[in-house]
Amino acid sequence: MIFSTACEHLAAIGRDFYRRGWVLGTSGNLSVVLSREPLRVAITASSVDKGHLTEDQILEIDSEARVVNGGQRKPSAETLLHLAILQARGAGSVIHTHSVWSTILSDYHNGQGGFFIEGYEMLKGLEGVVTHEHREWLPILENSQDMTALAEETKALLRDNPQIHGFLIRRHGMYTWGADIGEATRHVEILEFLLESVGRRQMMEPQY
Amino acid sequence: MIFSTACEHLAAIGRDFYRRGWVLGTSGNLSVVLSREPLRVAITASSVDKGHLTEDQILEIDSEARVVNGGQRKPSAETLLHLAILQARGAGSVIHTHSVWSTILSDYHNGQGGFFIEGYEMLKGLEGVVTHEHREWLPILENSQDMTALAEETKALLRDNPQIHGFLIRRHGMYTWGADIGEATRHVEILEFLLESVGRRQMMEPQY
Amino acid sequence: MIFSTACEHLAAIGRDFYRRGWVLGTSGNLSVVLSREPLRVAITASSVDKGHLTEDQILEIDSEARVVNGGQRKPSAETLLHLAILQARGAGSVIHTHSVWSTILSDYHNGQGGFFIEGYEMLKGLEGVVTHEHREWLPILENSQDMTALAEETKALLRDNPQIHGFLIRRHGMYTWGADIGEATRHVEILEFLLESVGRRQMMEPQY
Amino acid sequence: MIFSTACEHLAAIGRDFYRRGWVLGTSGNLSVVLSREPLRVAITASSVDKGHLTEDQILEIDSEARVVNGGQRKPSAETLLHLAILQARGAGSVIHTHSVWSTILSDYHNGQGGFFIEGYEMLKGLEGVVTHEHREWLPILENSQDMTALAEETKALLRDNPQIHGFLIRRHGMYTWGADIGEATRHVEILEFLLESVGRRQMMEPQY
């Protein structure tokens, strides 16, 4: 994928997700692989509004998070997490969203290090899941401003949980990914639906 | 109705319902009868995004779920449920949605095999209901990946409950239908309103 | 106001309120006074979709609910309530909405015949209210399909409660009105905001 | 900034915030500094619909709240609060919104004079906050129709709480500000997200 095409895709997703309340303020970030050998990734810059992305707010970086195209802007501190996921999973795209439901469930279940989403038909929207009789573990990492440490924790988490499709950071939202930008986007939509469903289900019956 | 007109209608409903969060990911499916003798039905193909339906994502099938027009795509596994409903009810259109409220209420009330919606003026939006003093039974089927078995259960359910206007599948959403596509669409809107109302009513007073 | 202008206003309000979920299915109805002497009122016909109103779905009626302009369509059964309010209050417009929050609060508080909304700044959006230190009584009528009887109850309610700006019908939604169509529309918006606020406030603290 | 540019900005923000339900009815108000020496401020007039602002509904005022440009319209009574904040903080823009969540949380926590929002990543969207390990105090003022007194209370509040980014007025909504109109708008979005998050979090676990 060429850089300008990647920028158009990321801007369209940003507009859509902003409208849905998943990347408000300057929260969230989006990346897509441009080439594998050598690794080149288009990723949103630090502190930009995802609802109104312009091409100069998207950077081209290499496997060490160095900007190879994109002028003066700084990569987001969370670039290291994107690279950790892209490399561990061979993913083609990583999306970090910051919705209300991911924020509060990542706090509510934090004591258990995560929670299971189980028995929902919508789980079949996650790549490789073929039945609702599936038990999806959604781990929660403690939030941190030390992104190098958080990237190491992410690598360990992905190594220890080869089946997961996403994870939460406490009071900070969700990371998910996909083979390409369409799959990553669908994973966001599926997981956000499931988070709202389990959150509301719980409010209906607290002992649930 | 000719196939291309049916496709336009289904695509418009898909866009609208996607925006409302009722057919996210690749969930939900839509069908409309093209002719009765012989039976010909336009139905959304398996695993397509209902928010952006194109004509090549809609199939023309016969009474045995064989594709008679539509190229390479596979019919959805749930085609058998559509046919069971179309034949048992003489319906002109069947719609399966997958909203948050139908998902959680189909789980909350699962132990009782369904629940009553009673005393709401909005019930009069269901065909044949002329007063709010109506008691609508909304049955819940256990979810399954065996669609042949689920279609048989659906037939038995429709035989045993001649008065119902829809049913839920546990943690999987809702099926409703109508004499034509307008009536089926209205039934979705009416039942979704009622599900949100009884769900929120219950959260306000758990013993309700 | 001439009939065609009234139709444009009612259609625009219908589209907006449909989008907000206040007149789903064929619920809700809208009226505006065209002239006082003799009384002529433009009102939505029975069983039409308020989100897509066309001029032929709006009737011109007189003070006895007789159609004086509008072809074949039937006036809504609720026309009698509109006339009762227009005459008792000298209002220029009456709006009946059917939202989720008005539906569930009209049920929750039904035992007390209504409830007070008190101490909210937003109350100042109701005509004649100049301070948040206001106590607005929102009465609830039991629902009925006998519109002649319900219109009589409405007249008695308006006589006994000269200060109210609206009322609920149990599990059936809200009626409000205004000197003109702008004021009636604002009253809907104000009361819907207050209903959502007191409903959510109550869910946060049930003993509230 | 010239007056006509300010009007375009305020109208655009008004339309967006109206759509989000933050300035319904005639609630809310918006201001932006045009010049410092002498102080000139563009501010929305009293009792206008913020969703459809026109240039003649926006006034240019001086440091004493006198209209220096804007014809017949009256400044809003809350103009004194805007001036108090602009002067105490050297802010370039002040925004008052009136959402459901700010309304109910300003009531729920009123007994404690405010509440802390703590540990959320989204706090970093507030100017000067660099870590989620931040404890934001959101004070609550009792509502009043005496704007001169409320402006004095606001001045005292800002003096006593140099770190705050906004405050609530009981059952009346939120005030926030920024160095410019973009920062003020972002602060609204950040604080509204946090209010919804802590509100829903609390409903999930009342003892929270």
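Going by the order they are written in, the chains are A, B, C and D; count residues from 1 in each one.
Here, a residue touches a chain if its C-beta (ideal position, glycine included) is under 8 Å from a C-beta of that chain, and two chains touch if they have at least 3 such contacts.
As the structure is a prediction and not an experimental result, all values here were calculated from the model.
J.: For chain C versus chain D, which are copies of one sequence, does the interface use mostly the same residue numbers on each side, meaning over half shared, or is it different?
T.: Under half shared, hence different.
J.: By mean C-alpha position, what chain is farthest away from chain B?
T.: For chain B, the chain whose C-alpha mean is farthest off is D.
J.: To test your reading of the model: what rotation angle superimposes chain A on chain B by C-alpha positions, in degrees to the nearest 5?
T.: 90
J.: What is the distance, in whole Å, between the centres of chain A and chain D, each centre taken as the mean of its C-alpha atoms?
T.: Centre separation, chain A to chain D: 32 Å.
J.: Counting only residues that touch at least two other chains, what does the list for chain D look like?
T.: In chain D, residues 203 touch at least two other chains, as defined above.
J.: Using the contact definition from the top, classify how the chains connect: line, ring, star, complete or other.
T.: Graph shape here is a ring: one loop, exactly two partners per chain.
J.: Write out the stretch or stretches of chain D touching chain A in their complex.
T.: For chain D paired with chain A, touching residues are 119-122, 125, 130-133, 186, 189-190, 193, 196-197, 200-201, 203-205.
J.: For chain D, which residues count as touching chain C in their complex?
T.: Chain D reaches chain C through residues 21, 24-27, 98, 100-101, 103-104, 107-108, 143, 145, 169-173, 199, 202-203, 206.
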